[in-house]
Amino acid sequence: MEKFRFLTSGESHGKCLTAIIEGIPAGLDIDIDFINNELKRRQQGYGRGDRMKIESDTVEIVSGVRFGKTLGSPVTLVIRNRDFENWQKIMSASPDDKTDDKSFSIYRPGHADYAGSIKYNQKDLRNILERSSARKTAIEVAVGAVAKLLLKVLGITGTSEVTQIGTACCPDKFHQEIDLVKEKGDSVGGKFVVVYKNIPVGLGSYVHWDRGIDGRLAQAVMSIPAVKTVEIGDNPLGLCGSQYHDEFEIKDGEVCRKSNHAGGIEGGITNGQDLVISAVMKPIPTMISPLNSVDSQTGENAQAHYERSDVCAVESCAVVAEARVAWILANEILLKYGADSVEELKNRI
Amino acid sequence: MEKFRFLTSGESHGKCLTAIIEGIPAGLDIDIDFINNELKRRQQGYGRGDRMKIESDTVEIVSGVRFGKTLGSPVTLVIRNRDFENWQKIMSASPDDKTDDKSFSIYRPGHADYAGSIKYNQKDLRNILERSSARKTAIEVAVGAVAKLLLKVLGITGTSEVTQIGTACCPDKFHQEIDLVKEKGDSVGGKFVVVYKNIPVGLGSYVHWDRGIDGRLAQAVMSIPAVKTVEIGDNPLGLCGSQYHDEFEIKDGEVCRKSNHAGGIEGGITNGQDLVISAVMKPIPTMISPLNSVDSQTGENAQAHYERSDVCAVESCAVVAEARVAWILANEILLKYGADSVEELKNRI
Amino acid sequence: MEKFRFLTSGESHGKCLTAIIEGIPAGLDIDIDFINNELKRRQQGYGRGDRMKIESDTVEIVSGVRFGKTLGSPVTLVIRNRDFENWQKIMSASPDDKTDDKSFSIYRPGHADYAGSIKYNQKDLRNILERSSARKTAIEVAVGAVAKLLLKVLGITGTSEVTQIGTACCPDKFHQEIDLVKEKGDSVGGKFVVVYKNIPVGLGSYVHWDRGIDGRLAQAVMSIPAVKTVEIGDNPLGLCGSQYHDEFEIKDGEVCRKSNHAGGIEGGITNGQDLVISAVMKPIPTMISPLNSVDSQTGENAQAHYERSDVCAVESCAVVAEARVAWILANEILLKYGADSVEELKNRI
Amino acid sequence: MEKFRFLTSGESHGKCLTAIIEGIPAGLDIDIDFINNELKRRQQGYGRGDRMKIESDTVEIVSGVRFGKTLGSPVTLVIRNRDFENWQKIMSASPDDKTDDKSFSIYRPGHADYAGSIKYNQKDLRNILERSSARKTAIEVAVGAVAKLLLKVLGITGTSEVTQIGTACCPDKFHQEIDLVKEKGDSVGGKFVVVYKNIPVGLGSYVHWDRGIDGRLAQAVMSIPAVKTVEIGDNPLGLCGSQYHDEFEIKDGEVCRKSNHAGGIEGGITNGQDLVISAVMKPIPTMISPLNSVDSQTGENAQAHYERSDVCAVESCAVVAEARVAWILANEILLKYGADSVEELKNRI
């Protein structure tokens, strides 16, 4: 059983998103403003649609925290959907409210609509859209914020940065690239990097394939909606061993490195250098100029359904990745130090 | 609990590598020649060192199979180390055999030596080298071969191909590139692609982050020793939504796609197209021209230990990735179809 | 990963109890009245305290269900605490509300107070009481009710019955026994039996110790607060093999049994007979005539804290056990049949 | 992921039993004589059959240990079947050796034959017998012995004792009871108790049902072949709260208890008292006077197959339970202290 484990739930237009986190040591200070600020960071970014303005997510803590500190019991986080009154009937749990309003049947390429409707035997593709939406990453960021508060106890901090949007590799050109794409009714993806500092030596392991922290990080980042490529450290493609590897040296009596191409992981274990993980996000599949598709009900060619969407969400995606890396690190920290309270954890560092 | 679960063990120069696989349906034909052939494929490849000739791995099945068919009970695979007589004393389990022969203390950059010796509190870096070695991937390939035999029941087949070695993107130049690097006493990595065909629609899911088959595949591939980059389908970097997404069309009354940029996965679920996953392997860190390093015992600068190694192992790495993708697919197949015997599985397809 | 997995949360006097269930096939009819009736069954029983009258638990479904059917996405259940307005400040998540009101420091024997306060480094024993309370079993019963709805698809049904209260083995004497104990300010436990019918042959397995359904059931029942003894089928103590084992015979051309001493499980697998599992619940540790104890703050002898409690909760405990057995069965059913939708499940039975 | 995880394999008459244990901290002294002695303890006991004399199990360590100490890598234990030459053809993995020798088709009541053959779609019941046999507990005891060596680091020690055989509650009468049953060609079960001392406060938890150490212990003990009843501490049936609960008192300035009815666990956590867990083993189902049964091939009534067996194996079962409790404790210790090496573990106690 993982130490830091959790489940999330909630549909895109449902009443709320919920997460239950189990395994957090007792005595951790839960700074709700910090969590809300992480949610805000996720909602920002040039290229986001109007929904972001409606949402302005804030978290409510309904269990596991008393007087600002964790109890050791499961922590429940809730983000209410501020627009729910407009969706109450459409997303109702009650059979009495059944309606075809907002239902659709044309597969959206790039989404889970096609495979999801076959897997779960659903005719109304809304039943797929609602959970496969990236909306669920809001509560994931809240979970990540709690993980970050735990990492803070060890002085570990994380940031992220967008490094490419479409074909633009220079931050000055990002807005211009997005505007251009928006004009065409198209969408665009990009690349970002997540960096965590002050990582202890020895998280993860080479002793068994599923203990490797590189694999665990890759899982967490690759499963973010729209991420298709994950990279740890610098891409070694085209480099020789003598160019790529991070040599050791003694400096002021300490074991040091001359570089960090490996991104802080060798042999599946953290080596004490900065943890560096990059990812490429594909262009958002929902576009104003719709893609060619098929209507699952008529069996005829059709054009994909357009639901209010963003042109570019790479900044947001980077914040989600930052959060997910925090999950993995929090779990590894607790596996390594095994503490039931923050005091105990501090004593073991 | 995973359906297809297993543990592997064994040190690089130990008596044997072992795997126990638990959860294989009963009645599966175990073709030992197929497994041995997969082991052979892993050992081949231009640029491999001499050890490959010594090894010539073959598997022995010591449980879970009777008269060529699985029993439903755990399957145990053993690969004996043919060179063990030369290492018997050095790798002995007995305290009476304690020796410093073959011990070393200079960290090898790019390996787990530094972090591993801190984590596991070891002075002799051989105690790290032995399990962090890529030797353990031999038994992983054997496990993958068993998974492949299960996939065959559903008609699923996999292959892999090297697409780049060092700076050479054209297969005709690969040997030349390796020879060149070898002459310099250096090492080189590369890129490969794994493709599986006949994948059913609906493996994995979007309903919870850890159900995404993209993440699970990424974990399996990224945690292969030396892999630093994983990609599903074509890299979308620089493409607009209208260029990247795989549009649907009706063709001969069937729902078809015009392309497969997504590599067979949308929203964390397989969509019935070919599964395509690529990875970049870093250059092998053990080189004849040694890297600068530090001696952990003297605290002084030193040059890294050289243990017989390869110049390039990208082909081998591709075979390992192929095997690991088979694990993930076998597990997902069993989660989806849930069969206790192969007959039951066939009835549910 | 388990197929039917879930997390629960919530403190005894917190805002609400929550559960997120992940892995339920799509298309399952969720009858909210059935769930509420299960909650009601848990609250009944002679010997329960006044709190039961305040609570009158009802469930709210806030995700995973649309128009009465599951979507395949995580199902979130919430039971609000009807008395929360009286506890809002005392159980507040905010550091600004910190108060010593309702705090206590005398260990209650038979509860987790002593061990919990050491483990989680807590001075105020309320921080232990709140989650270790049996109150959390309310949401567990709701989760069990959802599992029961899944089992209903296969025609599996469960019931439970109290078979002993204190020293009374005859149902006619139960109320009398409870009244007697209540008069003395004491508490009393008892024994109950859970029976599930129409169990398919082949749930669980002997192939690995942790696949045994007997062990999984025992875990689920033994970890109910206050349960100390678990029994599958009839207690074989004192019987010879010839007396205990369930012989086979052919009857009307069918393989039949002459008895069901084994309680439906042989070798860790269900054999198609009724599943029978009994448990003994210890007397409730919170009593009006308080137990001798120690004050953790003063280090002096003291008498245990009394918080409104029941005299006997065996009936309630039986309902909780019934729910937990449903969890295990639902998980095993999904492992065996592996369906993503109820239609698929029906096709595989 | 559990910290102390393992898989076991092997058929009753197969070449060997194997276990891979993953997650043991580095630097643990592996005393092979201790492991072998535990194996010997399992084989002893009045009432065991002749096979015990043939077997005389000893363990071989083929990975994870070097010069007497664990490396942190997976530990592989092998117990060879000394009688294998007589079974080589019958249990062969090769399709070329297919034979009906030693096959049988009459269900043995009390065994997994009936359910197992349906589940795994097998005609030859030997394919069920071989893995469902209690023979596999030999390697489980070896795994438990390794766990015990880890527990020893914390000063935790375990023992077990038979408390009842058949109807005999007095040890003086045990042999007589067994002789009597043997004469009749019958078999007999009994009850035993396992006690572990020096348990730290705070293993397990009340925060989530599956963290309760009571449930985990119950799973481990109930899933031992033939165990049908598990009890933690004294059976509370018939006792009032004032009689059962373990009151606290201050004695010489220390918090003490006046009794240990709870068996060392309150609210799912260890409370520092001795851990006491009892179980009832059913009579061995294979008896010389055979049970009535059915032939699965002819569909007619028949008498159960007799394979060399024991009359009573309660002592052996107690040793297995002792081993399994050690697994659970080792895992909980590592979850709580989280150490990667024994030195680290010692520092955290």
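Observations
By letter and in written order, the chains are A, B, C and D; residue numbering begins at 1 in each of them.
The criterion applied here is as follows: a residue touches a chain if its C-beta (ideal position, glycine included) is under 8 Å from a C-beta of that chain, and two chains touch if they have at least 3 such contacts.
No experiment lies behind these values; they were computed from the predicted model shown.
Ranked by distance of CA centroids from chain C, the top chain is B. Of the pairs listed in C-D, A-D or A-C, the one whose interface repeats that of B-C, with over half of its contact pairs matching by residue number, is A-D. Inter-chain centre distance (chain A to chain D, centres taken as mean C-alpha positions): 43 Å. Note: centroid distance chain B to chain D, computed from Cα atoms, is 35 Å.
Here the spacing of chain A and chain B, counted between their Cα centres, is 26 Å. Listed for chain C are residues 7-8, 22, 72-74, 116, 119, 131, 202, 205, 207-208, 210, 340, each touching two or more other chains. In the complex of the two chains, the chain C residues touching chain D come out as 7-8, 107, 109-116, 118-119, 128, 131-132, 140, 164, 166-167, 181, 184, 186-191, 201-202, 205-210, 212, 214-225, 227-233, 235-250, 253, 255, 258, 262-263, 266-272, 280-285, 287, 289, 291-294, 296, 299-301, 324.
Interface residues of chain B facing chain C in the complex, by the touch rule stated above, are 1-3, 22, 72-74, 202, 205, 207-208, 210-211, 334-340, 348. Those residues of chain A that touch chain C in the complex are listed here as 5-11, 14-20, 22, 25-27, 30, 32, 61-69, 71-76, 91-95, 97-99, 119-122, 127, 130-131, 340-341, 343-344.
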